[in-house]
Each structure stands twice: as C-alpha cells, then as structure tokens.
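Next come two complexes built around chain A: one with chain B, the other with chain C.
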Partner chain A sequence: MFNQGGLSMEQAPPVMVVLRFFVTASVFGVLLGLYLMGSVGNILPLNEYAFQLTVIHLLSLGVMASFMLGALFQMLPVIAGVVINTPTIKATVVNILLIIGLFLQIFAFATSSSSLYLIASFFLGLGLLYAMSVMLKEVILIKDHSSSSRGMMFALSSFFLAIVLGIYLLLTLGGYIDGSYFKELKEVHYSFALFGWLTLLIVSISFQVVEMFYVTPKYPMLMSRYLVVTIFTLLVIKMMMIFMSLESSSANVVISSLFILYAGVTIHRLYKRKRPTSDATVWFWRLGMGFLIVSMLITLLSNIITINSQILGVAQVSFIGFALSIVFAMVYKIVPFLVWFHLSNQGYMEAPMMFDVIHPKRAKTHFWIHVGMFTSWLLSILFELDGVWLIAPSFLVMLSFGWLLYHLIMAIRKYNYTQQHTEKIEW
Partner chain B sequence: MIITNYMRDEHRGCDEVFVSAEKAVIDGNFEEAEKLFLEFADEILRHFKKEEESLFPTFEEISGSTEGPTRIMKFEHEQVRGLIGKMAEVVEGKDSDAYLSLAESMMILLQQHNMKEEQMLYAMCDRVIPQDVKEATLATMKEITL
Partner chain C sequence: MVVRRITLDAREMEHPIPLQLALQHLQSMIQNEYLYMKHRKKPIPLIELAKEKGFVCFVEQDKQEVWHILISKNQNIKLEELMDV
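Here is the complex of A and B:
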C-alpha cells in the first residue's frame, strides 16, 4: 500500500484536529498543577487513594492520552499511510467524550458515587474505544507494514485492552461487578497502559521521526523490526503469569532491559545525527531517554533486590519525565511545522515560518522549566519533603503546562490571523 | 534493488550538502553557506528531474497509472522547489534566523518525502519494472543534467 496521503494536503487532517488535543492536554496539565497545589494545603478533602488515582488519571488520560491521540490523528496518515475519513468530526467526538469522561471519573474518585463511576465508564469507554476502533481498524488493514506502523498496531491494541480493563475496574469500584481478580486486573491494566500503549507508541514513532527530524543513522533492523512485538509478547506472558499466580519478575527484568537498550541506542543515534542544530527538542529527547534509563534500571533492580520506597518513587517520577519529555520534543516540532505547512499549501504567501510560530528560544525556556520541575519533584521524593515544600514543584507543573498552552494559543491565533488578514493565492 | 540503491544514495548525498550548509549558517560563514546551499539546490533539482523525466514515466507506463504515487511525489517536488526559492533569498540576505527556520521546514518536508519514496515507490519500481528496462532507466538518469 502506498501512502497516498502523507503530508500532502489532499488527505492531511486539518490543523485544528491535532491542536485541539494538544490544547486539551495542556489545560489538563495546568489543572493537574492546580490540583497538586490544592492538595498541599489540604484544601481538597480527599483520601490518599482518591488523590493518587486522580493524579494518575489526570496525567495518563488528560495529558498523555490527549497528546497521543492528537499526534496519532496527524501521524497515522504520515507514518502508516492510513487515511482517517472525516477526521474533524471523529476528533471532536473523541475529544469531548474524553473531557467529560475524565471529569466524571475524577468526581467519582472524590465522592465514591456508584452512579458517577457508571457514567464515567460509559463516557470514557465510548470515547476511547471509538478512537481505538477508528484507528486500529485502519492500521490492521495495512498490507505492507513498516516498523512504525506495525509498532503502532501493538500500541493501539495495548490501549484497547487497557481501556476495557479500565472500564471493568471503574464498574468494580462503583459496585456493579463483584471485583474478582481486581488486583490482578489492575496490574495488567497499568502494565498495558504504561508499557504497552504509551511506551510502545513512543518507540514505534521514534523509529521514523528521530531519523526524519535529526537525520540520524537508522535504528538497527533487529531493533526496529522486533523490539515492539517482543515487548508486547512479554506483556502478554506477564499477564498470563499474573493470572496463574506465578512470579512475573523475570518478564519485568527482560522488559526493563529492552527499554534500557532502546534508550541507549536512541541516545547514540542522536549523538550521531548529521544535523548540526542542538535545539530544545534534541535536549528533550536526550532527557527523556535518560529518564527512561533511570526508571527502567530501578524497575529492573526492584525485581531482583529490595529497593526502598523513595527510590521506587524516583522510578515513577522518572517514567513520567520520560513520557512528558518526548511529548514536548514532538509538540515543538509538529506544531510550528503544521501551522507553516497548512498555511503555505493553502496559498498564503505570508504564512509564518516555523520559528515565527514558536521560536526555539521559547522551547528552550520550557526545557529549563521542565528540568526545574522534575528536579524539584525528585528532590522532594528523595528527601521525603511534604507540606509547603511541595508548593514550588506543584507550581512548576502549572508553569510548564501553562507555558506550552500559551504558545499553542498564540500558534492558533497566528494561524487564524494569517487566514483572515493576509492574501491568498489560488493554486 | 538497483533503483532503490541509486536513488537512496542520491538522497543521502543531498542530506550531506544540506546539513553542511546549515552548519555554515550556524557558524556565521554565509559565503560558504551560500555556496553549499546552491550546491544542494542543484543536486536536489537534478534528482527531481531524473525522477520526473525518466523514472516516473517508466513506472507510470508499466503500472498504467499517472494518478497514483508519482502524482503525489511530483506535488511534493513543487513544495520543495517553492522552499528552495525562499531559502535562496534568505541565505543571500544573510538572515540566519530565517534560514534556520526554513531549513527546519525543508528537512521535515524532504525527509518524509524521501522515506515515502525509499520505503514505497522505489521498492515498487524495483519490483514491477523489468531488469533490462531498469538498467536502461538508470543509465538515462545518470546522463541527466540540469
């Protein structure tokens, strides 16, 4: 199958399809910062379990899933040669259902209301399963898979499974299901969500975009062809071990080792890149891969020796650092390029150049805010700081996402301004 | 794979010159940057010419379609040509910020274009064009000048 769409205007989705998800993700990021600030002063009357669930889902669904879905609407045509028909309608439906579902889920965690759990599972399930059915169906139909498109298929399958299990868990918390295997299913749910969906998607996309953006040598064929399917298979084996009450640490050790290997190869590829520029996105990639190594190294060791809770906390924060760093690296390339590209192809001769949409200096400032944010969180975990000591790290979460949100809004305003106030040449 | 190998090597050659020009701009050496950019422009335009005048017509004749992948590739060639014009202006005007901004667009545009050609179109050409025709096409392409 030849990629009939690619970045040509004929089938590329409208720019707002992508930007609406990125804006949503940034808003949820700001809300996360506010929520963390609120929790510092015990303003929010929540128990620890509800607090943790809220933070995890604001991050994984509100921030990460929104960024990933936006990127997928754009990248499926480009990387996998898949055409999603009527993308604007589909993206709007998914986006709205995700927003409503996530708010309902957060209120359900806070109140433990049975009916809220039911409605939240309905909205989240409907929105996310609809998105997965639209995307997965097209990806499965690809005849000649590239490494990236094959990897995306496994990542999307992982998300599909994680969503189905998430619905089951919500219905259990709401008291609608008796909750057999709750603990086991919860572990499978987050294993597939974090390592299957999130990480495998990043890995799959990186096989093409790292080379495309930075002109690096190709990934080793063995890695680009077999890494994703190997990790997916290991996750399935791990799931079976969990249900058979067998020790699954051996699967965790291999999965962690493979991710460390991947991160090492990516850093080496970036070191060998031909392009001389060393902008913020390169640094976000390096930092992200560094975080992945730290997180997976601790995970690996925790399956062999006993590790204290602070170090395990470092692994969790580092994993978040990995995912967010890569997302920011992608956003700062994708958004300026799409704004320039769409306007240029529509015939606007005064289309802003990429640096005019978001200047690399602004992205570099975000990089330092991001570094400050994670440094403060890691220090607070290592030194077991709480109370007022968490005000600064929480504020930095708000600042980081607020910074990105501001630049996304400015990019949209520039896009609209160019369309409304500058001359267009008809092709 | 003679088509894929030959054309892929040309892509890599263009990349090399392009990044050298980018490096010269970053170093502030605009005289060198202009020379390298013009070299890149010559290389890439000659490569497009080889495709549009030799490889694509051969493929279209054998596949029986002018509306398929080659049409999209030709459309993307036009996008790249447009950018080359703008980059030539800014390198002459020694505007490094504008050059690097346009270079960013050019790189993404060109790399995704090259990937589609290398992973799909050239592989299709190698598969469907008979060996003797491929060799003749390759010989013709090697003779093409700007």
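Here is the complex of A and C:
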C-alpha cells in the first residue's frame, strides 16, 4: 500500500486476500460480544478459567491475529519488498486453518477434552506456522532492512515463539506433555504474544505509516532504529530470568517505560502534523496511544508497588483498547484505499472514491461506539459491576465489530458491483 | 512541439491523496502533456504503475530532499530537461 523504496503495488495481493481476514476478524469480534452476553446470563456453563481463556483467545487469535495477518499479506510485499507467491491460495489455507483451529480450541477449553486439545493444537499450529513459513522466512532473507521491515522480523519471530509455546501449552492441558514449566512458559507465551508480536508489529508499522498518512515529522532515528530490537532483547532476557527463577520485574519496568516513551512520541508526532485535518483514524491513533500509556504505566507501577486487582484490570482492558484502536485506524485507511486502488488500476473510471467506499462519518461513528465500549468496560471494572451491568458493555462489543463488519461487506459489494456493472478502459 | 505541464505539489498531502490525484491525471493525459509532481517521498507504486502502462518517467531527489517526478505518455519528451532544478 505505501511503498517508499521497494516493489510495485503490482506485487500486492488481490484485494480479497486482505478483506477475507478483516471480515473473519470482525465476525470473531461479533461472536466475542455474543459470548460475553451469553456469559452474563449464565447461558454458557463454563468455569472461570475456561471463560477467561476463551475470551483471551477469541480476542488475540480470532480478532487480532486475523487483522494482523490480513494486514501483513498486504504490507509485506509493499513495505518490506517481500514477494509472496500465490497469495490467494496461501491466505485461504491460513484463514481456514485458523478458523477451524480456534473453534476447536474454544470447544477444548469448554469441555477439557484431551482429543480436542490435540486436534486444536494441530490445526492452529499448522495454520499459524504455515503463515510464519510464508512470511518470516522471506523477511529474514531481506538484505537491506528498513526500520519497519526489521521490526516486522522481530514481531514475526515473537509470534513464532508464541505459537510454539501455545502448542506446548495446549498439549499440556490435553495431558500429552507432563507440563513442568507450565506456569513459566505461559508467562513467556503471553509476553511474546502481547508485547513481542502485537505491540512490536504496531510499533514497526507506525514508523512507516504515521509519517505518511498524517504528514508528521519523522520519528527520532534512535527510536526507529533501536526501539524494537531493544524491546525484543529485553523480552528474551525476561524469558531467561523466568527460567532461572530470577525476579523479572526490572525487565518489565524497562519494557513498560519504553512503550510509554514510544506512545508519547507518537502523540507528539500526531500533534505536529502539517495538515491538521482530523478524521476518525487520527482519533483512533490518539486514543490507542493514550490507552498504551495507561496500560504500561499501571504495568510499570505494579512491578514496583502493590496494586489492587481492579487497577490491574484497567491495565488489561486499556491494553486491549490500545491494540483495537490502532487496528481500527489501520482498517479504515487500508480498506477504502485498496478498493479504490485496485478498481482504478484495473481501469474502472467509475470506481468509488475512497470516501465512497467507507464514508469518514461512518468511521467517526465507529470511533464513538468504540469509546463507549471501553468506557463502559472500564467503569464496570472500577466499580466491580457484574451481572446485568455487563449487558451494555458486551452489547457494545458486538455493535462495534458488527458496525465494522457491515461496512466491510458493503465495501466488498461496491467492489464487485463496480467490476460487474461499470465500463473498463484501457489506459 | 509545445508540451503542457500538469503540476502536482504533493509535499504536504496525506497518503494516498498524491497517488489518487496522479492517477487521475495519468488516465486523462494526452500526448503533449507531462505530469510534474513534487513529493516528500519517492512514490514507487506510482512510478512502477506508470511504467507498466507505457509512460516514461524521470525521477530525481534535490538537495532539500524533495523528490521531483516527471511522467509523460510521449516517449520523445526529454523529461530531464524539464526539471525545475
């Protein structure tokens, strides 16, 4: 989408490769909302542990990994110059294996069935490791890395590690492995998945897109060159400390501080942009960075002083708020651009303009739904609300993803309609 | 032959507006016209796309790190001679 020194847009995959993942992520988001609503009414006979694991994995795999993998199929060729041959087939394989694997995993959590754990680990492992073999292998082979492509390499490496550990944890839960080091590996799994994969990927991509999308000053060179590798190294050090039964809070403090610094610089960059128009995506970025600061500040403090569980809950919800805000900011930039660009490039003179694909006002409405959703969750955590009080926040989760899903489907329909009913020119 | 210049200063435009405007110009461009675009980045997708569609391109970065991108349908135009700097 936004190459500044690599290959052509012609290397980019067909538009449906990306949209398939975005639609999948939105559907899983709607399912998450339904699941949360179901849990409020005690319709789902689940224990607390199974409930938490299901919510975490619906969010991290169903929603976030789907969005991220879709975005990577688009961005790796044009940001990092990585050629992904036959992207449609590869994306379809990854997408289907991820969907099947995640459903199996959720049923495994619900039933504690050994065989389901085994099959879930097989499908999820196969799908995600296949995605890594397609992406990570190629990124490692890049000779002349940019800040973004180097960062992507560390983010993908983190994801690879998180997947391998995830398979180990699933097999342990299924009783196939004895599970010594289960607690330690679980912490490493979460650290690399959340801070390594998810956050480092956002950081890496932001070095390229924030400046380009919003005409901001560049990030400080020290930050764009060394932040990702420093945090990745700290995560490795933290992992070693955990296995050596050493106190790893010092690593957490430094990692949290670095993320706060990054978020502060990003907000400053957005404040300094040359054309201060303010669409929804800018607000999603600002909100996301605000959430990251809140989340990391609490994480930092929790490694120094004792913090009560409500505040720790705020940190967790804020972290989710950070990740989702940035993902939505990206989706509302990527989808209209891709639909317009592919149609325009194919010669459809009546291709909808970007604001016709998803109108900025619709994105702004989503922003306010998103704000409402997180406000209600944060309030319910702070005031320890439960039962019927959680219906509204759960409904807003469903509404937020449903809103995006509807607009993605409309974008796909506009794309197909233009191809089928308008004239094409050779130019 | 008199050639007509179409100017597009994209230095302070947000992505992907420069690409959108440049493509509009290229799609309606006639033989004796050329696009003169100034950009803070080298717009590789635009350049590659223009080449694929049979346009000729000339791209150079000046001392102020501004990219000058000249594109024409006419293969006989010496774009480098039309540079401002």
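We take it that the second predicted complex is superposed on the first by the 417 of 427 C-alpha atoms of A that agree within 3 Å, B and C clash if a C-alpha of one lies under 4 Å from a C-alpha of the other, contacts with A are read in each partner's own complex, and residues count from 1 in each chain.
Keep in mind that, in the parts below, a residue touches a chain if its C-beta (ideal position, glycine included) is under 8 Å from a C-beta of that chain, and two chains touch if they have at least 3 such contacts.
This one's a predicted model, so the numbers in the text were calculated from it and none came from an experiment.
**Q** Using the superposition on chain A described above, determine whether A:212 touches chain B (first), chain C (second), both, or neither.
**A** The answer is both, since A:212 touches chain B and chain C.
**Q** After the superposition on A, what does A:356 contact: first (chain B), second (chain C), both or neither?
**A** first
**Q** Could you look at A:78 and tell me whether it touches chain B, chain C, both or neither (first, second, both, neither)?
**A** A:78 sits against chain B and chain C alike.
**Q** Which partner does A:276 contact after superposing on A: first (chain B), second (chain C), both, neither?
**A** In the superposition, A:276 contacts chain B only.
**Q** Now for A:341: first (chain B), second (chain C), both, or neither, which partner does it touch?
**A** both
**Q** After lining up the shared chain so the two structures overlap, which partner does A:146 touch, if you call chain B first and chain C second: first, second, both or neither?
**A** So A:146 only meets chain B here.
**Q** Just to be sure I follow: which residues of chain A are touched by chain B in one complex and then by chain C in the other one?
**A** Comparing the two interfaces on chain A, one with chain B and one with chain C, the shared residues are 2-4, 6-8, 10, 78, 212-213, 215, 274-275, 277, 337, 340-341, 344-345, 353-354.
**Q** Using the touch definition from the top, list the residues of chain C that touch chain A in their complex.
**A** 12-16, 19-20, 23, 26-27, 40-42, 44-45, 48-49, 52-53
**Q** If you look only at chain A, which of its residues touch chain C in the complex?
**A** Contacts found on chain A: 1-10, 78, 209, 212-215, 274-275, 277, 337, 340-341, 344-345, 349, 353-354, 425, 427.
**Q** Which of the residues in chain B end up touching chain A in this complex?
**A** 15-16, 19, 22-23, 26, 68-69, 72, 75-76, 79, 82, 97-98, 100-102, 104-105, 107-109, 111-113, 115-116, 119-121, 124
**Q** Quick one: which bits of chain A touch chain B in the complex? Just the residue numbers, please.
**A** Those in contact with chain B are residues 2-4, 6-8, 10, 78, 81, 144, 146, 208, 211-213, 215, 274-277, 333, 336-337, 340-341, 344-345, 353-356.
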